Every structure is written in C-alpha cells, then in structure tokens.
Amino acid sequence: MKIDRRSFLSLGIGVAAGTAFSPLPWKLMDDVSIWTQNWPWTPVPAKGESTYVNSVCTLCPGSCGISVRKVDDRGVKIEGMKGHPVNQGGICALGLAGLQLLYSPDRIKTPLKRSGKRGEGKWVSISWDQAISEVAGKLKELRTGGQAHTVAGITGGGPNTLSRLFKRFLAAYGSPNFFNTPSIDNSYRLALQMMNGATPDATVGLDLENTDFILSFGCGLLDGWGSPVHMFKTNTAWRKTQARVIQIEPRLSRTAAKAYQWIPITPGSEGALALGIANVLITESLYRKDFVDNYTSGFEGVVNASGELQKGFKQHVLDNFSPKAVSEITGLDPAAITLLAREFAKAKAPIALFGRGQGKLPGSMDEALSIHALNMLMGAINQKGGIYALPTPDCQAWPAVPPDAVADSGVKEPRLDGAPSDVYSRLNQLPPAVLSGKPYPLNVLLVMEANPLYTMSNSKSVQEAFNKIPLVVSFSSFMDETAQNSDLILPNHIYLERQEDAPLPAGFSKPVISLSKAVFKPLHNTRHAGDTLILLAKGLGGSVAEALPWKDFEACLKQAMGDKMESLQKTGYWINTGAVFPDGKTTFTTPSGKFEFASSAFCPGFTPVKIEGDASYPLLMIPYDTMRLASGYTANPPFDTKILEETILLHQDGLIEINPKTAQSMGLSENDRVLLQTPRGQANVLIHLEEGIMPGVIALPRGLGHTAYDAYIAGKGVNLNGLTGPIADPLSGLDAAWGIKAKLSKA
Amino acid sequence: MFPFNFEWIWDMPHMVFMGGLWYALGILGVGMTYCIIKAAVNAGNHATGNHD
Amino acid sequence: MKAEENHGNTKKFGMVIDLDVCTGCGSCMVACMAENNVPFRKDESDKLKSITWMRVYKLSNGKPYPETDICYLPRPCQHCEGHDGHSPCVSVCPATATDYDMQTGIVSQIYTRCFGCRYCMAACPYHARYFNWYDPVWPDGMEQYLNPDVSVRMRGVVEKCSFCIQRYQAAKDRAFMEGKTDIEESDYQTACTQACPAGAITFGDLNNPAHAVYKLKKQPNAFRLLERLGTNPKIYYLSSREWVRRAGDNYLKNEGPAKIG
Amino acid sequence: MSNSDDRTQTVSGKAAEASSTNKPDGSSRGIIVLCFCIGLVVSLVFGWVVFPRLLYSRKQQPIDFNHSLHAGLVSNGCESCHFLRDDGTYSGTPKLAQCIDCHQDVQGNSPEEAKFVEQYVKKGIEVPWLVYARQPDCVFFSHAAHVKAAKMDCVTCHGNIGDSEHLKVYEQNRISGYSRDVEGASLIGFKKHTWDRMKMDDCSECHQKQKAVMGSVQTQKEGCFVCHK
Amino acid sequence: MDSAFIPNGVRRCAPGKFLVVLAVAGAVLLWGVYAMLLCWFKGLNQTNMNNNYGFALWIWADLAVIALGGGAFFTGFLRYIIGKDELKNIVNYAVLIGFICYSSALLILAIDIGQPLRGWFIFWHANVHSMLTEVAFCLSCYFGVLTIEYIPLILENRGIDRVPFLHHLGHNMHDIMAVFAATGAFLSFFHQGSLGGVAGVLFGRPFSFREGFFIWPWTFFLFTWSAAAYGPCFTLLITRITEAVTGKKLVKDNVVELLAKISGWMMATYIIAKIVDTLYWANVTAPSKGFTLMDFYSHNAFYGVWILILEIVIGGIIPAAILITDKGRKSPAARTTAFVLAVIGVCVNRWVMVLQVMAAPVMTFDKWALYYPSWQEVATTILPVAYGVILIAISYRYLPIFPQEPELNPID
C-alpha cells in the first residue's frame, strides 16, 4: 500500500469537503465578525441607575445652574439646569465639557513637592500632613521674623466665601497683599462708585432684559461677556422684543454678526465716540432733561477744590467732541455719529455698555466714565432697563479678626501693587514690584484658582518675577503654568467635587447666590482649598488659628450663608425676589448727593491709551475672545479645542486674522507662516484672511499657547499675553491696554 | 440574500435581482458539477481501461 | 419651496433652527459629542477627519469690509426623507446598515452592521456622515464619562447624528412605566436642542400640529438645505436675511429663491 | 479556456499516453477513495464535535445562587430583585446593596452563602456575576416595553432559571464573547423553546408575529432603532 | 530545469532571467502587501482619505481595472455569442488579463472597506436597492466565471495535463464554455453598468447624478458600453507590451485589427452617447439643481475643462477615429497610440466619476476638497500591477496562452 501524492490530494479534498459541511468555517466567519463588533479595546460604558444632581458651574463667573447626569457613581453628562434663573436650562461649550476636566488623567492627584529645578517638572508626592507643615512652617518663620507682610495671595475666584476666607487668612496672618484678578467688573464698580457713589462692594446689575437699544462699545455680548448663557438668552429675547444691538468694534465678532448694526471704528477711539454721541444728544437736546437737571451734578459746571466754577461735562463735550472732531478720531462719518445718537435717544430704554470682548481686562477708566455718562444722559441709572448698583447680598458676619500685634503692623505695610486697598488689586503692578524688590521683597506667594503665569500680560516679566519669589505655593487642581513653576502644590478639589458658594453672576439684574455642590466624591487625594487654609491657620496657631475657628470649610460656609443655606441646598440657588432696588433719584451717595457727570476729581474726557509700539510696527494687534476658547484659569478642555475652527488653530499653529487687503499689500496669503512681532515679544503664526476685520488691524484669540496642562492643549497656538503688556490707567491703576502695535514678516 | 434573512422581502426587486443572481449562480454551479462529475467518470473509465 | 412629502399619521421628527438667533458658540457640538460618546484626538484641526455629528458652518456674504456679514449654520444629519424614505444615503447602503423609519422619520445607522464601504458618505451632500478613521481612544480614566445609552463606535464604521435616539427610547420607557401610550413634546428633545444657550433649535414632530416645529416650519423665512436635489430633509432653517436663505441652495444667476417651486 | 477545436486530438493523444504510463491500479484507487473518506469523516467529526468544545470557555459563577430558594422567600416574584426603575430602566442583576438587606450576616447554613458574606459582603465588593442573557452593547433592550407594555413574562426569554437551585456553567464564545445562551446551544440553529436562543432573528421572529408597526423602508419590518442604539 | 512544464513548440527564456523578473515584481508586490497589512491592522487612517473623500484612489483603481478588464467579457462575448472565431487567438489573454483585473479589484475592495472581516455582510445582509450590492454580487460571480474560464488554460499545462481527472475536467469545461461565457457576459453587462450606477444614482451629488431608464441612470449604460469599447483596447495594449517585452510576434495582425476595429466602432458610438449625455447633463440636469457646467470646472486648483477635453477628445474621439479608419488601424504605431489614449480616456472617465464627484462642493458654503493619496494607498494600488506582471509572466511561461505563437515563432 502506498500513499502517493494523489492519495494525499484526495485526503485534502476530503478534509475540505468535510469542513465545508461542518459548522466550523461558517461559525468562525460569523464569530469573527461579531468579534469586530465587540472589539475588546473599544470601551463599553457600564449601565446603572441614572440620576441628576443639580449644582452650579463655577468655571467662569457666569454661575449657571447645571444638572449633572450620573449613572451610578459615574458622571456621564453635564446639562443646563432647567428653570435656573441665570441660564434657564442653557449651557455653554465649556460647561458641557466639565467632565473632561473631572476625569482628566492630568489632574494633580496628591500634594506634590518640587524635586528638580523650578519649572523642570520633577515632583515627589508628599502627604497632606507634610504639605501643610512645610507651608505652615515657612509662614511661621516669616511671621516670627516680622516678615508677615512679605507673603501674598492671588485668587482668581470671584467674591465668594472662599476668597473672603483667603483674605481673612492673610489679614490674620499679617499681610496686606491679597490680590484678586481684576476684570471689567472692577471698572464698572469703580465707575458706579465715582459717578453713582455706590459702595465699593456694590455689584453691577444690568437690567438688560428690559432695554430696547444696546450701544455696545466692543462688548462681546455673545462671545462670553458677563454671564455668557444669560447673555445668549437675553439676546434671543431681544430678537422678540425687537431691541437693537449696535456693536462698535473693529472686528466682525459673533456679537457684531448678530447685532442689528455693526459699526467698525478705529480701535481705542470708543471713548471719543461716546462723547461724540453725548455731544449730539446735548446739542439736539435729546437727553432726559428732567433727570439730568434734577438728579445730577457736574453737568453744567464743577466747583473745584478751591471753590472756582469750572467747565462742566456739557461744555467740555460741546467744546471738544463735535461729530466732526470725533469723526477724525474714530474714522466714522459725522452724519453716522449724529444718526447713531438720534437712534440712541429715540429708544425707550437705551443702555450703553463697555468692556471689550469677554471683559477680561479692566480697560481705560476714562472710556468707562464717558460711556457711563451716556447712560446718565438717558437716565438709565437705577431704572428699569438700566444699570443698577446692587447691594451685595448680605452674608452673615464672621466674628472679627482677633487683634494681634504682628497682624496689625503687617497689614499696615503698603501693598506691593501700591493700591489703596484690595478692592482694586493692581495685579499688573505686582511683577514690577517683585522684580524691583520695592517697597519690600516678596517671600511667599500663594496662588488659588488662578494661573497668573499664563493669564497676565507681559509673560516674560511675570516669569522673571516668579523666579525671584523664594516660595510659590499653588492650590491648583491642574498642572497649569503657575503650578508647574511652583514649589509646593496643595491640590484643591475640582469644582464638581467641592461645595462652595458662587458669587453673583456678572451683569445679572437680581441678587442671586448659587451653591456649587460636591456632585462627586473626590476622585483623588485632593483637599478643599478652604479646608487647607483652615488647616494652615491651625498649623500657624495663635491668633491666626483663632481667626479661622471653623472645623472645616463647610462650617465656615454655613455660618457665612446663614439662613440662606436652606434654600441653597434645596434649590441650588437663593434669589432675593423682594430685594429693594435703589431708585434712580435719591440713592446717590456721592459728595454732591447726586449722580456726578464730573467732579473736582474727574471729568470724562478722551485721553487715548498710549498703545505700545513705534512707527516700525505698522499694524495694530487686538485680542479677541470666542466661546470656544477658555482663556482664564481653566484651560480649554479637549471637546472645546476640537470644535475650534481651523481658522483659529491649525495643527499646532495659531492663526492671526487679517484683512485680505492688508495681507495683499504685504504679499501674504491664507495660511502663510509669518513672524508676528510686538514690542513685548514675537511668535510664529499663520495668516488667516478675514473680510470682517478692519484693514490695518490684526486679531489674535485669547486662550491658546499653553505650555502646561495636557497634551490636548499644550503647545498649540500662541499665548497672546506673551506679546502684550499692561498699561496702567491713570485713574484706576488697573490695566487699560486694549492692544499693541505689531508687525508681520514672512517666516 | 436568502428568503430567511432578516432583510429579505418578497417584492419585485428581491425576486428580480436575487432571482437573476441565483439563476446565474445555478448555471455556474450545475455546469461545474457536471464537468467535475463527468471528469471523474472519464478518469475512472481511463483507469479501468475504457477509453473515451 | 417645494411641498414636503409626508408620511401619514406617523411621527416625523425634525428641527427648526433659527439662524437669526444662533450665535455659532458651539454648545450644540459639544453637547452632541458629550451625549453621544463621540471620541476626540489630540489634533482635531483637520476638519475633514474630525467627527462632529453636529457641525456649525460659518457662512459669509462674501462682501469686502465693511459690508461683510457672517452667519452660523448648525448642520446635524438632515434626516432626509427623499422620496418615500429613499434618502440619498439609505438606498445606497449595500448592507442595510442605514435605514429610514417611517414611524419616526429618523435615518438610523447601525454601527455593528456597517462594514465601512463609505458609499453613504459619498451619497450625502451635507457631509453629515463621518467615518471612524481611528480607533476611539479616551485618555486613561476619561472613558468613565461615556454614556451607556449610546453604543461606542469601533474603528472602520460610519456614524452620524441619530437625533439622540436613546432619548426617544428612554422617553418611551418612561411612558410605558406610566402606562401612557404616547410621549409629550418635552419628553423627547435632542441634546443639542436642550443645550443651545440661545434657544435657536426647536425639535419636535413635524406632523403634529401641537408641536412648535409644525408652525415654525411654515414661516415664510423657512428654508431647507439643497432642497432642489430632492433630498427632502427634515431640518428647517429660519433666516430673515435674504443672502442666507439663498445660501441654502444653489441657484443660477437669473434665479432667486422666490422663483423656485 | 482555449482553442479546443484543434486541441482535442493532440491533447487526448497526450492524455492517453499519460494514462498508460500513470494509470492507477485498483488498489491505489481504493486508497484514494479511502483517503477522501478519512479526510471527510475526520473533518466532520472535528467540525461538529471538537470545534464547539474548543470554541466555548466554561466558567463557574462566583457564587452558586439558588433562585428557587429565593423565589420562595420574596413576595413579588422575579421583580422583587430584578426590578424596573421608575424611569423604565431595568436594574439587572442585583447589586450588593440589595443583597445586604438580608445578608448582612450569614442567614442559613449554605456554604455558598457563607462564601458570599465572607468574600463580598464583608469586603464590600460587588459580585462579578456572569450574565447568561447579556446582549451586546449595540442592542437597546427595553424590559419596560416587554414586561410593562407587552405584558410578557420572564420565562419567554429567560426560561425557567427562576426555578433553578444551582447556577449552570456559563459558556462563553471565546471569539465573539457572547454567552452561549444568547447564541443558542445548537450550532445549526435548532431551537425547541422560545428562550433557547436570543439573537436578532429570534427577536425579530416574535416582533413580526406581534404585527408591530413596521416603519423600515428597507426591510418593511420595524425600524432598526427600535432595538438598536 | 522547468522545461517539462513549458508548452511544446515555444521557446522561453532561461530560468534565471525568469526568476529575476519574478523577484523584481515580487519586491514591489511585497511593498504593496506591507501597505495592505498596515491598512488592515492599523485601519484606514493609513490613507489620506477623509470624510469628504470616502471614495478615493482605490475606488478609482477598482473602477478602472474593471473597465480595463472588460476586454475579457466583451472578447468572450464576441467569440462565443457573436461567433467571431478569429478572436480565439486572443481570448485566452483577454481572460487572463480579466482575471488579474477582477482579482485585483476584489483585493482592493477588501482593503478599502473599514471592516474587512464583516465584508460578507454585503452578501448576507444585501440591500438590493444599492448599486454596490449589485456590483459586489456580479463582480464576485463574474470573477467566478473568469476563474472557470482560466482553469482550463491552467489545466493545459503539460505537467498538469498528465493527470487524467484534470485533463478531462479541462476538456469538459471547454465543451460548455459557451454557457459559462454567456453567463459571464450577462453578469458583466450588469456589474459594469452598476459600477456606472454607483455614481449615477447619487442624487445628492449633481456632478454625478444622471437621469435614466427605469432604475438605471444613463451612466449605467455608458459604463457597460465604455467597458466593452475600451476593455479590448487594454487587452490589445498589454498584448503589444508583451510582444515588445518578449520580442516576439504573438498574435496575428488580422486578429488585432479585427478586435481594434470592433473596439473602435464601440468607442465611436460610445463617445457620441457620452457627448449627448454630457450635453444633456450640462444643459438640463445640472441647471435644474442650480448648477452651471462651469461650476464643476472652476474655483479650484485642479479640475478644469481640460479634464473634460482629455476624457472626451483625447481619450475618446481621437482613438476612436484612429481605430475606425483602415489606415489608422493598420499602422502599428497609430494603433498603439490609440490604445494608449483609449486607456487614458477610460481611466480619466473613471477618475472623474469617483474623485471629482467627491471634490466638487454641493452646499454653497462648502469648499472644493482636493486630496493626495498616501504612500500606503499608492503601494496597494501598485500591488495589483506587480501581481499582474507575475501572473502574466508565469502564465506566459507555462501555459499556451497564444495559440499562434508556435506558428509565428517557429523553433528552427
């Protein structure tokens, strides 16, 4: 018997036939395709019980109500809270992406201590006990040595309980150097203080729902200005009431595109235009005479300190700001100015608003006062559809800080920024003070919910200033630029894991407080910054510990909220529906007891902000804000970076907007790589041609150019703050810069 | 593809399209089976000496 | 505007998007991605490879400064009905992975059935269909936020907006529990509709006179995208601006939207 | 294919030549047939008997749960533990929290219960039950629709598991990952009971009988999104 | 060494030289296989396709090779159904080329789909309304037919022919080859057409959409027609190249001229139909959707009217004119030029019907999208060429593909 090739072949055919008639090949084919339908590396989310937890989003000052959908213990979605007075169920792109922050693998999961050189990124995990004792030890040492005032704290959070506690901690410790992060809100407050005589802690209430004509001097009403979602809702309501938005800015922003009319003017000339409109209102007697005559002062004349009668607001405006004169400054046709003024006057409840873009920077006081004067002329003060100075919701007073000699002498030292009080922190003055060591050197910097190394302009000098500070302590939940350049990180819970009160949303018309809840148990070994402060105080002992007597932040918050706590915990917010609003006649607490157009101390005028850069820089660069880019303490989460247009970010490169005409004159076309230079720095960017920008002006977005955080945002685009610098406002000392001169050359 | 498939409906498109298809496949299948069987028979005849 | 075709007494879900109100903020896009487990990568700036079921387009009137005007247009899947449910994509799918449901008017896409031939993408003039060129990968830990009501798509298949069908399914389940046979308008709203801070999106049953969309779609300012192709889409847009309405479809020089149909 | 006309003679000539030199004799022909048969039988046996055993892994449940015993103790049948939530979602296999209501401590003298209390309750670890009826992620299965709206009973799909005293071995397809209860025990698709298999065709079989509303343009059955997500 | 397997009466190069050719082609093949594996294991992110270009180079390659492989069905159709007997001298090669083209097309499709392991869904879960379903079914069936047609040729190898079973099998298959060929022609008419239908039914894409007859858009008929017209040209071109490479005359001029003449007339009629179709589309179909002809050929960096001229005039009218005139057909140089132009013409047509369809914007605010294939796409597209070279080399060496070869090249 011989097995030859043919037998073998025959065997093979037999096997093939048998296999074909068995389930093997068919079942395998089916199973393999089912395998592709359930690839083990494609995640399958676990099912479970679905619940909603209401809270408040504190990623921006908007303070929107949120509803977090949970499946068992996992958070799966953040939605707008239905019926919340601020956002009425709506939610912005940043708020929606909050869970990406919560579950980010790049969060700081435990206290860290620097082990390499500063900024090198080498850390060792330490225990909370060690972290607290190290910081407390250093603070104690300074305090004992009479150096308590050389400790400073920066917070990026709004005026909430945590900020108050932080401030109290520093005061009890003996430092006057408590800094909040100034924004346009400070300018509004200051304007109200100067013209309305509002108290420094009064907040700005804008009854925008009831206006019918909005003269917006560059406010990004739909780009994140004020409480963003609230503004969106208001804008939609305006559509129904046929209220008109007039958007004045050199760039066709989203707000401008949605506005009734877009009026591009020379950047920086907004204040002049306001006075030009005032000129027409006065010349043509279009202003609310009864109000101006009865309730204001400084309109006709001002009695100066030496008792002499000087020119008042009226004469000042009539003399200097005729439509023709203003036309030369703004580039706007005189007839258009006149027309605009008439339209403004014709409206039932007109309002004029200031604060460029999202209002990240305080801006020029002169400009703020000029624009606010328009509201005055139309009587839109403490009136339906106007601007209110709202009393800050009264919070239960904490016991007074116990007297202590060290603290008393410490807080009497001058502030490093030269500001009279922390109400107007001149944060931009801090780096020069640190660099010069005058009036005294800064020894310890505590940073909470802020990222000054990224958000402050003139990044280079901020970095240099940081390098001079011996100890930087960060409370950040994320490895942001500041945390990366710190010595110790005492990570805070992120907003979804901690309970705190959210301050009054910017520009909201009713006094409201919201409670941000701990929707999730902390995922990592982090600690509420309030608890950390209390522990630090305990570590310091003595009067500092006595000043922060609570067992934890929750107790402190309960005491602060008092009887509101019940409502806060039940509905998530407390609203003072029965609030007594100041009326438009009697509540001015200015020296004259009236609304002051001008006084011996000030008169709205037009002194252009001296933008940096000489003639070698032919272009004007302005920043712009977009709802798709978070530019504050929170960096853009991956979802929001994903929806960024390719005309803002292309791969790793940021794009600069330029008018095609300007670009053509420079021989530049779309996506050309160029070197962007300003007096403060330079960067490589790509060109994006945009018809909707004034020729000669270029615009760069805020929020890109991170060097820290995660791989989804770091190294992308350009940080605008590296190219710009602050300009101190002569009146407020706050940053008045709105742009910088620039030049482009082919890279 | 087959009447027992979820996607199958007894309608014109299925009957025409699939009918045409199965018709063509049928011709090919029957043709090849015929060739193979005949070849096997022929080869068998060869082996037993009955040449064609 | 051509008369839309109807399917009887069934539901026909659709949207009306008010472009006068839409600000292009992108909330709808993120809401959609968060709701529907849409993945993301480190670089998403190549928009032709980026998956955004809902995509906001920026339209320009093309005029030079300062006459320039722009408008934002959110574009979900248009859930075309075509003629008798034969939308451009449905009839071309060789494996019956996409289908038109006459009961809801929703164009479904079954990811486990799709084998990735991409014919439907070639057929869709709205670019509403997206291919998973990459394996979906979430940074370590971030997969925890995935929604269990939506299947995660694997590499190599096509996906698109489903009108948040999981919310319809959940609404029906709730109705079953309450012993109801039908759902209310507010019971079923898509994630983008719910999130839109401007309230630009209205969602509902186009066949139901009690629903807001029923009236809105009949407004004189209403138009649909590429209506002349016969796709019979279920997304209506509203705009008071003539150039925007005109941008919704292609017209020869001598034609105007008013002259059509 | 070739030019057969002028080929026939020459080739058949060649073949004749070939067959004369290479002609298999009777015995070798027998071997050829035998080889074919061996191949056929071996592969059939492999395909029908061995392959299915290789294909499925057999796993024991972490705890041998006694359904029958528990069913006697509860008041509301299956729904006592496997209930629908108010929103219409289905709770599935009970979580530890439910079991703890009774099993805070060992109740009886079953070693399985002791093991359960010891290894899971005390440690607070959820039991990794293997779910026989688990459908893949692409499926949206609404218990509310079937139990509440259509008033179906559990047995129709789950069989008599509620009467069982022991949990059977969990067989899992090594490639597809499906439970064998879903795929069906019979490889050729033979089924005796409604619950013998739970693949798409089985769902559709019942759905078509129910004369549910047929919305699909392509299949003229129900729309895909009725059961898929 | 392998002389026992070389057909009688012909001379073949030395095994060494043969192996060198195989090695070179094999290296290219391996490069393609590597790219193919990358696509399978890492996914289609290896390509430069994107959401605008769901169909790209591969689908073009598919459509092109199938049109070029159309020589097999049409030559078979002429030979077996019409009874053009002379064509028996080239039909073997037409079948081989067809086999290569169709197997390549199937391979490319298997790479092109995102989930190759689910590829069989197209059959099992078929949607009969989809042109692609029709393509898949007819394509695989016709590939089966080509295999059936190719098998007897393999069985003619001297070594294989010695096995009686196989000898008889080949013989029997020959006997009923006309039935197979007729089935093949039937299938081919449909799948060539349905490939045209793939683009023609896209009513969302005004660039490719065509009205039509019953369920079939005009492109359905145009594609079948063009495959029948241009496919034989490709067969003849490859024959010409084979002759050049081997340095031998392999097919007699009368055979070539006959096929060229038929092809020429087919091409001439096709191009008239194509022009009529284009005119109707440009003046009626597209304007009814709001498009003018120039909308499709302007505002972008690549697609201009030149491509229309290249396809219709240079790749259609000119080769047709050469082939239908006696003078042109009889001149080897003119004839070969016509073949080359024709191949270019049909490839451009398929390119336009795939890639330009994807490139042209439909929404007014959409932009033209141009695309460059990645090296992986190029490599996998070249893979079939290498594979074709290898299969032709092996088949030519061991199988009596050209019946007239011994007669035209007597061995001393």
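Just so it is clear, A, B, C, D and E label the chains in written order, and each chain counts residues from 1 on its own.
Keep in mind that, in the parts below, contacts are C-beta pairs under 8 Å (C-beta built on N, C-alpha and C of every residue); 3 or more make two chains touch, one makes a residue touch a chain.
Note that the structure is predicted; figures quoted are calculated from it, not measured.
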| item | value |
| --- | --- |
| Smallest number of contact steps required from chain B to reach chain E | 1 |
| Neighbouring chains common to chain D and chain E, by label | A, B, C |
| Per Cα centroids, the chain farthest from chain C | B |
| More contacts between chains, B-D or C-E | C-E |
| Geometric centre: closest chain by C-alpha means | C |
| Most remote chain, CA-based centroid, reference being chain D | A |
| Geometric centre distance via CA averages, chain C-chain B, whole Å | 47 |
| Centroid spacing, where centroids are CA-atom means, of chain A and chain B in whole angstrom | 75 |
| Centroid spacing, where centroids are CA-atom means, of chain A and chain D in whole angstrom | 56 |
| Length of the line joining the C-alpha centres of chain A and chain C, rounded to whole Å | 33 |
| Interface hub residues of chain A, defined as touching at least two other chains | 32, 35-37, 44, 47 |
| For chain C, residues that touch 2 or more chains besides their own | 46, 50, 58, 60, 86, 96, 112, 135, 152, 154-156 |
| Shared-contact residues (touching 2 or more other chains) in chain D | 12, 15, 19, 24, 87, 89, 136-138, 218-219 |
| Chain B partner contacts - residues on chain D that touch it in the complex | 12, 15-16, 19, 23-24, 29, 200-201, 204, 218-221 |
| Touching residues (chain side chain B, partner chain D) in the complex | 6-7, 9, 11, 44, 46-47, 51-52 |
| Touch list for chain A against partner chain C, complex | 36-37, 39, 41-48, 71, 74-80, 87, 89-93, 96-97, 99-100, 102-106, 222, 228-229, 232-233, 235-236, 239, 252, 254-255, 257-258, 262, 264, 627-628, 638-646, 649-652, 659-661, 691-695, 710-712 |
| Chain E-facing residues of chain C, complex | 46, 48-50, 57-60, 73, 82, 86, 88-89, 91-97, 113-127, 129-135, 154-158, 225-226, 228-231, 246-252, 255 |
| Chain A-touching residues of chain C, taken from the complex the two chains share | 20-21, 23-27, 29-31, 33-35, 37, 40, 42-47, 50, 52, 56, 58, 60, 62-66, 68-72, 112, 135-136, 138-148, 152-156, 191, 194-200 |
